[in-house]
């Protein structure tokens, strides 16, 4: 069905990876020390996402009018900025793009169970995501970027949430899909909590044979654990730098 | 299943890990249930985990994790700089850069007409004449509420509305806690280094110049010792008689004094020095600030100090000097 | 101000305590669905009412001829509208501000239905094309939420699919660039081409001990239940929606946040849903079959009887 | 007893004192119901009583009713208590408990159930509740309800149940399971 | 004309009713008095009516807004709004079957008004009087037809929606009259007479439905 050979008989994908290889993962934290309480930059292959976290604070800028602060936990507001230049189509997205709205709700609910709520009663936390370039793995990049930015902001989390997408080519699961693969193959995005096998979020929007699901998820979990390791390393490095001279 | 990825070679993580025991969220700190669990941790099934990225701090039997970064959390006795954001029923709401806004009760400020005056309803009605939205003030944390938000007071002459200067915000973590947070600096300029990271650089007031220089000289010696110890409210404040004399409407004036160009230049130089230290993540105290100021004089024009690389080199020079002196 | 149901701690504790003993207030087992009741309209096409316990949803499918989208000249148009009216509960208020709890629920419901039915290709869009680039059928499914007692997602997927299966569009002929539509009396209207029947199953997660219990460790004490009613849905700590068809294809799997659930338990849910999907699909097909039998005109029926005798 | 609906008219006996109960409105000497229900007219001594017994789902507070409500929050020295979902919450003062004082405050959390009595009702003000017997100042069985399960019944049925124990209207019947 | 009324079919709202006559069917719900969702909807002296009408297919349009407006004009005359200051009464209507050509709203409006009346009764909200709506059409020959069918309407010159209040089982005040098309003054009066007698007849049925519902609610009184 596709004009491109997504997975060659020799076991190579369009970008030269094998089925179980992640794309190059780079991340930084504290990228915008003056603009926000916490900030991060995540690069998965050619997908680049920036995340700024403001708060916890009592007066959220993104708070919808009339929303009251919750005595049991923070009010998360999540704003996704997806400019036309970030993707190949250069399509201008309508303001209330249902797909982005859905993603923002999913992420909000995901992190409401990850933040130690009881420490942040009556506060607001604003999360701003900006896509600089998108080459697949939108939700996964968002999720990883938010985790890092929240950690950078010093907000209490139970654990890391790392996410990755896994697709299916015929019988072969493919880890960390790029945009070309996402266009033609069914895939599932999963978010894993720390080093456990527990899933915080799963999102699958295309048809997948049920009996293949287990393989995809187990590959995804291993990918997530690897990402978590990489993120953890970066947090420690950045923390060490921050501490050096205090 | 093996996942092979091109990973940047692992930097020597061991040096940070072993030295000050850095932990990240979800990391197991101890499975010994006898520890008391402080901030930055959570406890499940007899095990204590970290909830932030930071260093483990053990005080007696209390285990907590100090995050690398984070918002300021107030403690009683902290000397702060804050900004009024709301005037409410008998209280002001003050932004202090923390998770919660602080409150300043009408009863916790000095009003014109002396300290022993009763607060009347007319005071309630003219609260905006004292302090209004946007005003900056320095104050002390009087007490904390159960949710960690602070109640402030300005019942001392050294606290109150701020004038004749410029506001600088730096990360609160960089402010080194000391006995005294207001300093008179060379160049006829003073600074309040709010514990919350909000700072105020202003022209040294004429009347108090003499008083303060005496007190700061004394505290300079004690700077290195950590500011723990006993706290007494209004510590180091001025006698009541002076207070009464000065508690006039003047303390709530909005008018700045005429500042000479040289003072303005010095203030902005200090501001840039402060930002240089902040950019280089150097803990800020009076000595380092003065050193940075001295170094910056070598760069001549104040305008140059806006440049990032200049700031970086100022910061590095400060550290280098410190090391030299430490060695010598 | 966001209005919500005020649920007392007593109710919460009671429900959770009962769930722990595998008892639900309406007497079901944890993974048991309520009885699905489907009725379709006798005198018109494309109208179905579905109820799941007290939850009730109606769906009406209509079609008209329009111009196809410019970037998709060979496809027809299919739209699903899922506005929730306060008629089903004052909880769903009209004209909500974005960001409130209810509007989030509403967006999720509409996206889930959209993805379950439209994106999974349940309706063959190419078959709706009449003249490429200039004329096509625009099919529209309007969901009417009538009564809220939890689980709008699952019931909506059933209602939309039944209504689509029940719908007949007028037969037509193409004459050059003109389209001739035939009346119901002239020619029997034709059904839509439905490729598969995706059905949603929504699981709710609870942890009777503590929200935090299972963040670390491997206790997996979470309770999982299917087809929650109002009270259960409001008390839920997380949910997951699976969309499956009877070919055992997973069309959608969405777990948005909520309790962290072990992958193995998620696989169990999938297994359970795939067991249920056959029954439910059969039920839907039975309703449609029964309806079309009733509709067959008497002459045809007689002929059929004759045929049967002959064979 | 006859079933009446809005618009039906009946004359009230002039001269004698007539007490109009719920769901009735008057103009001059005629009265008409405001909703559908059973018209009840009874004679008690010199005065007569007329009211329409009607069923509905939404509880409208009336003074002296015994009610069960859920605490939904607190402000100042009051709790907000929800008697019916989506209705304006009633208020319950911290001092409307037996032996409550500034030092000895009731400790109720959001979500707790209370059994209370409606103290005052005015359409222009918030409904007030109290958790002690105003005549004696004693407990009177009110207060925090623990355990058990809450369920709703139709108001008419609640009144029916209560009448048979000679008590006025609660909206939710507490029952321990 | 056969009328089918279903009393209180919904359980999440305070009062509900579906009203079906001929090919038109409408479901209405009433909830209230409840707390206003927005401060600007709080009227200091009376209840705010939050009316919401949804069409049988498609998204709400100006058509529904017009119907909402007409209903909003009629209801304050029959509800004792001043008994519920600062509260909101939420009325939600779902048209299930149009039963008339696209450009007409007469049959729908009649069904909406009548179903809202029964729903209001069920909700226990204080009413000034009972009321009922009906519609008439005048065809090209000048004949008046009550409760016109879809094809009657399509062939009519003018059509009317008339609402009367009912007092002591008799038709009382004219609450609302909406006429569209061209007609003479005399025709209008004729229409009103026809409508009044039609309402007088039909209301017996509605009354019957309400009574049986009341006695069903008080099943223990039997």
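Order of writing sets the chain letters: A, B, C, D and E. Residues in each chain are counted from 1.
Going forward, a residue touches a chain if its C-beta (ideal position, glycine included) is under 8 Å from a C-beta of that chain, and two chains touch if they have at least 3 such contacts.
Just so it is clear, the structure is predicted and the values come from calculations on it, not from any experiment.
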Query raised in the report: Which chains lie in contact with each of chain B and chain E?
Result: C
Query raised in the report: If you check the contacts of chain D and chain E, which chains show up for both?
Result: C
Query raised in the report: More contacting C-beta pairs: C-E or A-B?
Result: A-B
Query - Of all other chains, the one whose Cα centre sits farthest from chain B - result: E
Report task. Give, as an integer number of Å, the spacing between the C-alpha centres of chain C and chain B. Result -> 57
**Report entry** Cα-centroid distance, chain A relative to chain E, in whole angstrom
**Finding:** 52
Query raised in the report: Taking each chain's centre as the mean of its CA atoms, how far is chain A from chain C in angstrom?
Result: 29
Report summary line: Among chain C residues, those touching two or more other chains are 1, 3, 90-91, 212, 215-216
Report task. Note the residues in chain B that touch 2 or more other chains, in rising order. Result -> 26, 42, 49
Query raised in the report: Of all residues in chain A, which are in touch with two or more distinct other chains?
Result: 66, 158-159, 193-194, 218
Report summary line: Note: in the complex, chain C contacts chain B through residues 212-213, 215-217
Query raised in the report: For chain C, which residues count as touching chain E in their complex?
Result: 1, 3, 54, 56, 58, 60, 62, 81, 83, 85-91, 93-94, 140, 142, 144, 146-149, 230
Report summary line: Seen from chain D, its contact residues with chain C in the complex are 70, 72, 82, 85-86, 109, 111-113, 145-150, 177
Query raised in the report: Which positions of chain B touch chain C when the two form their complex?
Result: 26, 42, 44-45, 47, 49
**Report entry** chain B partner contacts - residues on chain A that touch it in the complex
**Finding:** 18, 20-22, 24-25, 30, 33, 37-38, 55-59, 116, 119-123, 151-160, 175, 193-195, 218-219, 222-223, 226, 230, 232-233, 235-246
